[in-house]
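One structure, pasted below without further comment.
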């Protein structure tokens, strides 16, 4: 019989750390999760297409890419039936403990890894202690390995408690691509939640510090544009081309010049471009990957509309077509004051917590906001909290690591919050 | 009784030099021309709307501007009836000598001045010798004063000769704006010409040199664009504006990047811009004046179409409207080989001619090409010739001047050419 | 003997309204002010160069422009000695009441008009009631006529009161150009202030509403850039030019694309451009007038530095020189909480005040911030308050007008605040 | 014993066609050439570093790439000693027949293939008849397989003739990258040539047509630019980045706007770009591959200098560094009139020639110009001729093919020209 999760936090987290799988490729990760959830014993466990509508997913890679990762998972011994349930990249799982007459509380943790090559340095603990990524070029460089471990820890603790309501743990794929929050939020599991908790480790907060509530995550859209023109020999007949590189350059210059908005912060970025074939050919194809963000969802929509107009006019200016596509999006959603006050109060009493920060702003984006908004729109409350962890490198860099002492802290703060909700806000 | 023109070249040229009048404002100039033509005695003299259809004119200034110049001419003693004939800026004249049974030969000279402030330097002959421009800010800085004198000289000489055909002298306004060539070419006077001669002095050819034929004048379009957007306070609500300055900048950057053409030379220029009102206001209006040119008329049309598309897309990109207007245009037309050979042969025998250049290329534009093409399309021949003149400053600069010794040279080459045409190509 | 100001608010305000004078041209306005201040009787009255160091002024127009306005004032009967004191455009005045042993309180009001053509509509009160601007093309379209009236009203009221300290009224020129705040702040009159009050009418707050304190005026810089290249014939030798229009366009496109800043709002605008001479000439000169703003002075400095680098590189890119000049600037300064609380409390008790808004954000810029910062740096406190007024048109538009009922409200709120300061914070 | 080349044109050409090898990778190709040259028997055969100074090469790929192709050649059975002579990608060969007392005549043919995927269509002869490229993604799509065959044919014919002088055949690598012309031209083999002939098949001239002389090949430079800035999180701190994508866009927009030149045609193209890593990161790296061309070498230098200035300023504008590198270049060189007249005369008498075009313009670039200029600078003469061939697809496209009947035509025209040179211009 397996030892309780609470005794295996480090072991579990390291198992996840070894197999970072990017968005919608979390086959082996889901396998590990399912194994642990089964060992806990829950009332309902839904995997993949049982957990959400696959059509609600965003930023899904193509089949070749998915198959490559599926094969790796299969070779690694993940159960075939389980893999079948994840066909087409329907990864992730939802676990439910249903006790009847109490509040319905959700906890969302994210499970995907990143395309970052992990450090091999001697002073990088995963390398030194043998749990570095086993898949070159990918890494759990944002702490989702710890998030999953915390999620399992809370699930086990609630299962063992006398919590009287419904507790639902969302193990959400594709957070880094803002691809998995929406299907989870649209699912039946999110329909009747009274409370939603989401958690992140680190974010420059040290071990022992807890931020009870996050404010102002930016609404965000990832997008791609493909310009299609006409190629021509650049020496012999430059006039015969419709130059996709010129369309691209006009689009970029004017994209960054989308006007600032009186109502608050906006962001526009063209982060990646690729165009053309050879120096002596007028390019017939140019592609960019970019994003827009806004301090509110409306501001993101403003920036998106301006950008789309800019891109379409740039294409037209140079006789090209533009295919403007939204890859994925997330709205803004803030934590609720009453719930944050409760978390704050709980955290102050948890062992290992030295400092409680009631509120912090968040300069980036998060698709937990889909779930938060779903709950808030139903009249419920949400809180996104941060469990501090000493991390040697920044998030998304090769030397990122988490201080495993923060895992039980996260489990305790969240478990205690769920129980206090049941006690005080039934 | 007035002395023959041939004895008064310098006096006449200087009278013209004193009153430079830009496009469609050549009221006093036309007055002087009419006086001289009447003294010669011709079979038909048509002024203004009698000479061409005013609606064919291009680049006509507004009424206020015309009235200002009309008043100046009136104050200067130009005959009131004549001024009435030029109401609305229908300046210029056509004079015809009709003898009956011979070839119909046309000679076109241009009559307008430039908005250039003439030099007051002691070594600038017009200043030193008292015939500098009497109208500040304008100048005969391209030699049209000499052209008119040559035209009158030829008219007198043909009148006195036994030339047996029809000789038509076109005193064309608005060459500098490419505005007067078209109405002259569309007029009944150009309908039946067998030959067309046009002449320019200088162009870096010294006194004593004659170029018998010009090749490759660029086809050209002058144009204006006005962008209209929406103003807004740049600090309080930049998003509320539709920024005409941004549209203008996008248009300019991409205008110069219109692709080169395999078939030959093109040109694009934005020579003047003006936009906005105050530093703290998003500009609602921006205007540009520009031009396109091409080695052929088709190449100009290519550049014009590309530019228009660019401008419209730039407007759309920034939520503005664009009003794209052609101000005036001239086509390309080359001199004909046979006629150039004749001119070349004639010139070699003219007193004062040291050197005859059979052909030269022309890097700029000229709206004599309208008349040349009209004649060529009717099966006739045309030649555009250059009568060299030592000029201290470049054309269109404050110290430009002509060497008056080149005037009789021009008269003789042209007169002799007309007579030889009648002799040899009846 | 003149009636008290308090009985002539409307008459005085309308006198100012009739003679709107833009930045550093407030000769007649200063004349009217001096007359009224003398009628009140103060301990010190400093005009022009007595009031501040003329070298600290910014955005001073050229001598021709100043002389034009000076002549108008002279023709209008302004005292010659007074005009001499304002030679070179040293307009404005400072009036001091000195009682000895109490706090030193300053009040700043601005006095300049705008280049806006005032409405002649029947329902525009100044037109209908005969006090429309007497100087075509300029207008008191921002309420500075009311500000001056309020300033005189407070000065009279303090003079008549038993206020024990020093009261200094700054009648500051050139607020609209951010040109006059700095010299006032640098002057000896601002050296020992304990408190500074500044006031604005309207700003979309209705008559009867008072905003006790303004937060977040944007730090701002007005600037100009002149690009100098080389002209050339656009048809004959485009390569011979160094195109200032291209430099301008590259600068504009990239200016608007200066990156947003994590620390808060920035603004960049190119509000006015002018370049080139003729459509067929490569432009040798291009000029722009623009501005940068920031939520803090540091953010403005960031935007300014980025813009300057952009402009210099754009010039270099096209072989041009760039002359980048700051015309005028103002820093950010916020109202102080304690003083705002006092204003808030006072306002609530003033006759005619229906509603007190403790704080409001300010989306634009103001050079009262120079005085506020001077006081704050000396350990004093400042408050910028808004006295609501129903205004039919927006500020800076032809139909702007103030509801004169707001003038006594402003006088009472400010007078009472000054007296309470003396009572409570001696 | 091997059959004479003249009997094996098709077989030899098809052997070359099967193994297209791009620039500096022509290991197997050189192997085949050496084998044939040895079978002919020449006075000197220099391979690789014996033939030229490797440091004069341009556009040499990196070692990994070279090794990949070297291994392929080795596996294919190319002689190891020969491969050693080509270490580091010193491919190509020079063969000399030295008879003593006659003119020194050179013939240059190029030997490299292209990165084009050859058609597999049934009506594409190489596919149908079994000699399609054996190396996926590369193809002899420009006829260099025929050029080499012609070169070998002429070498054999001269060897068998009584030609009295020195005949040197240059089998030049890397023409498509303009990388091999320069080392050949700088070599000792080119030092004393009196005549240089170069040949191309096709170029839209049909089988049976010969163009005796090419005029106006464009001078050309291939170049790359790499922009290096600073990456930053696009949402959290866009200001912390130095955006290489913005630098790239500014460079592109202004690159295409490099002014046209009065002296003739120029070209600028940015054919390939690649930048950045992820949509949410300010890009720290951007790269472009481009080219400039000019109707003369001076015009190319003009465009290159303008482009470099543009690129450097664009980098500076966005706080980036720019690494501007010339990859390879070729000058302009025209055929000489006297030699072209001779070729023209010879061609008219050759069997299979239906039509002789004395001169044609060439809208693209060619690095044979290095050899032509070397010879011309030494007082010799050069001619670049075209041997027409029916080609179903355009040059550089998957369905290009040559009509093998044109091979003996090329051999005869060239051989006869060499012999006539010896006869007539000793």
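Residue numbering begins at 1 within each chain, and the chains themselves are lettered A, B, C and D in the order written.
The definition used in the following text is that contacts are C-beta pairs under 8 Å (C-beta built on N, C-alpha and C of every residue); 3 or more make two chains touch, one makes a residue touch a chain.
This is a predicted model, so every value here is computed, not measured.
> Which chain has its C-alpha centroid at the greatest distance from the C-alpha centroid of chain A?
If we average the C-alpha coordinates per chain, B ends up farthest from chain A.
> Could you tell me which pair, A-B or A-D, is linked by more C-beta pairs in contact?
A-D
> Mind checking the centre-to-centre distance between chain A and chain B? Centres are C-alpha means, answer in whole Å.
Their C-alpha centroids are separated by 69 Å.
> From the mean C-alpha coordinate of chain B to that of chain D, what's the distance rounded to whole Å?
One centre to the other, that is 49 Å.
> When the C-alpha atoms of chain A and chain D are each averaged to a single point, how far apart are the two points in Å?
52
> What residues in chain D touch two or more of the other chains?
Residues 236-238, 243, 246, 250, 253-254, 256-257, 259-260, 262, 267, 282, 363 of chain D each touch two or more of the other chains.
> Mind listing the chain C positions that touch chain D in their complex?
Within the complex, chain C contacts chain D at residues 236-241, 243, 246, 250, 253-254, 257, 259-263, 282, 302, 309-310, 313-314, 316-319.
> In their shared complex, at which residues does chain D touch chain A?
218, 220, 222-223, 233-238, 243, 245-246, 248-250, 252-253, 256, 267, 269-283, 286, 289-291, 293, 327, 363-365
> Going by the contact rule set out above, which residues of chain A touch chain C in the complex?
253-254, 256-257, 259-260, 262, 265-267, 363
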